[in-house]
Amino acid sequence: MNKTRVETFGDGIFAIAITLLVLTIAQPGNYAHLERDLAHAWPEFAAYVVSFAIIGIMWLNHHAVFTRLERIDRGLIYLNFLLLMTIAFLPYPTGVFGEALRQGQGTRTAAVFYSATMAVNGYAWAALWLYASVRRRLLSPDFPEEQRPGATIAFTGGAVAYTVAVGIAFVSPYACLAFQGALAVYYALDPLSRRADRAGASADDPE
Amino acid sequence: MNKTRVETFGDGIFAIAITLLVLTIAQPGNYAHLERDLAHAWPEFAAYVVSFAIIGIMWLNHHAVFTRLERIDRGLIYLNFLLLMTIAFLPYPTGVFGEALRQGQGTRTAAVFYSATMAVNGYAWAALWLYASVRRRLLSPDFPEEQRPGATIAFTGGAVAYTVAVGIAFVSPYACLAFQGALAVYYALDPLSRRADRAGASADDPE
Amino acid sequence: MNKTRVETFGDGIFAIAITLLVLTIAQPGNYAHLERDLAHAWPEFAAYVVSFAIIGIMWLNHHAVFTRLERIDRGLIYLNFLLLMTIAFLPYPTGVFGEALRQGQGTRTAAVFYSATMAVNGYAWAALWLYASVRRRLLSPDFPEEQRPGATIAFTGGAVAYTVAVGIAFVSPYACLAFQGALAVYYALDPLSRRADRAGASADDPE
Amino acid sequence: MNKTRVETFGDGIFAIAITLLVLTIAQPGNYAHLERDLAHAWPEFAAYVVSFAIIGIMWLNHHAVFTRLERIDRGLIYLNFLLLMTIAFLPYPTGVFGEALRQGQGTRTAAVFYSATMAVNGYAWAALWLYASVRRRLLSPDFPEEQRPGATIAFTGGAVAYTVAVGIAFVSPYACLAFQGALAVYYALDPLSRRADRAGASADDPE
């Protein structure tokens, strides 16, 4: 099983999951008051935007990780499946979260459910990165050793951050949604390249 | 992140969104009067056709833009995400618009909602093009300078045209749907190549 | 716009439409009588299998046509969009047909609706082929001239056959479903290569 | 029709089907008791995970088979369609199985239905492998002859195992779900390469 094929399969799942998100937005119930219905549905649109950003940015980081790999093995493929499963699952908690906020019922449960999904995703990222990078087992020789500690902090930090999000969900569902959005923006800056810049590394981007 | 991969990911989203459109058509309510139900559903089919045409033609223009780029950067990737998000979102307002017209309720709201989505899309196109083309920052050297002003008019004009569509939506939802269809036909003629032809440019198609 | 990209986009739509078909099967209404519900749903499964076969085989023939083309142009791209739109739409009439047969209501209307969709598809195939093959405008030089008449009969014959299916739908919905299945089997034999074999042509398969 | 294109089409169907699985999980009915609703829905999540694992692992094995083929022919394409149809269909019995377990109604029927789908899938695998491998008709010369009997046992054994699963479904739906999960894990070890290892073959992986 070569690396390109695994990446292409993953890219397909990212693209499908991100496009399926739209199906999670509940249809308006009453067209006689459509304006009011759509206005009240804003949390569903907000959840849509946050999840779209999360999946898009994770796709970028997924690619960033895979370009740093020299080869893959069966263990990595299964960790990658676990990661992809949480991505493919995301439309479900997204729909539940948006709908709960719209109804104003079950919001705490929905926020915890959403954040727990993201936490599992964070642990899958951490496991994938550690599996590949410890003792540089699967890393490309082009990937500078001085970037490795920073990348490890960024990827394992994600698991911690999303676990914190579960805690925030218990306090305030809206704060939780905002925190998820903020995390997406944070990861939009690409842990790998950002850390590299900070370290003042020679930054030969392997691409 | 290389250009081809970003294009392939975008192509996937275009293909999925265009195929998901069919799920926005409401199922017939009563099979005992199926003929009448299907006949009354014609606005849903019309909205389907218009949105299919819009996504198909935007896919063509998306490709036309990307072939004119020499390289991409992170800013372009995020503007591209914004563009893709409006495309991936389109099945939702399409379903709402078709259903509102079928029920004859909430049609104005639905038309405004649909047009507003397209207006955001138009602004994303304008932003993407300006980001890439101002001072030819990301443009390929093969792209003739004399085609640039025309292309800029076409892409920023889209934002204006779709904003106008929002105004038309307030007047008449059916006129708005027809206007959206007409815009799709207009863009079917490809802003880039059409302008090039008009300018009598040497028209070395970079493909 | 090069040929490969248009084919890849089309392949994506074929793959998505064929996989979305499963969503057209109505969920069981009452799990207390699940066995009876599933048994009564057999027309939905039959419609699923027929549409799956149709899309799969059309994908094969779509590829067969494109390999015979030397180049494509804008007109072909739009005819191709029309063809893809009927493919992407097929899950809707499939669901309606299966559900009507299951309920035993509206079966004639549903059969006519399904067959009319396929007839439009047949006309799109005929238009695409004639557009590309008349005076060999877009055909590859490798495609033997003696195969052209046979292929033209096969592709325009499809439009006729599916129009006949509309007539059969008025007589018997079940006969119509069987006829659609039989047509799929017929086209499974590939008009291009079969005609070539019959003509005893040198049969240099361009692939 | 070349091998790569058939594989790419199949990969698309695997990726779409695996991502559509999430749509089979029923939406919560009552957001006032969301916590209880989600907790009771655990069989839906379990069915989701098992089907995700099954499709993911079949994708790996599908690739493993295709890399062992030197060429494909029309018969193989149709057997491949049959295989892909059972994969694309899997979201339906997955949803029915999960929902039946959640409701505690119709569980036996749902388990039999799910297992019967997998049994058809198992027969399609066996047919595909035998069609390709008997007298090494389509096999690559790189594939060692001593691995062939083992692979044949593994692929035909799948048909037997999934038939046994139908029997288990009659006894206990939960045992059936666990057995399906265990089979997925078993096949995760890749019949082709595992048998090769056991045979102590020179194991020149053709990839």
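So that you can tell them apart, the chains are marked A, B, C and D in the order they are listed, and the count of residues begins at 1 in each.
The rule we apply is simple: contacts are C-beta pairs under 8 Å (C-beta built on N, C-alpha and C of every residue); 3 or more make two chains touch, one makes a residue touch a chain.
Because the structure is a prediction, the values reported are computed rather than measured.
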Fewest touching-chain hops separating subunit A from subunit D: 1
Copies subunit A and subunit B touch via same or different residues, half shared test: different
Rotation, 0 to 180 degrees and nearest 5, that superposes subunit C on copy subunit D via CA atoms: 90
Inter-chain centre distance, subunit B versus subunit C - centres from mean C-alpha coordinates, in Å: 27
Inter-centroid spacing, subunit C versus subunit A (mean Cα positions, whole Å): 38
Subunit D: positions in contact with at least two other chains: 12, 16, 20, 23
Subunit D residues touching subunit A - in the complex, by the definition given at the top: 11-12, 14-16, 18-23, 25, 27-28, 31-35, 38, 48-49, 52-53, 56, 59-60, 63-64, 188, 190, 207
List of subunit C residues in touch with subunit B within their complex: 1-2, 5, 8-9, 12-13, 16-17, 20, 23, 74, 77-78, 81, 84-85, 88-89, 91-92, 95-96, 99-100, 103, 105-106, 109-110, 113
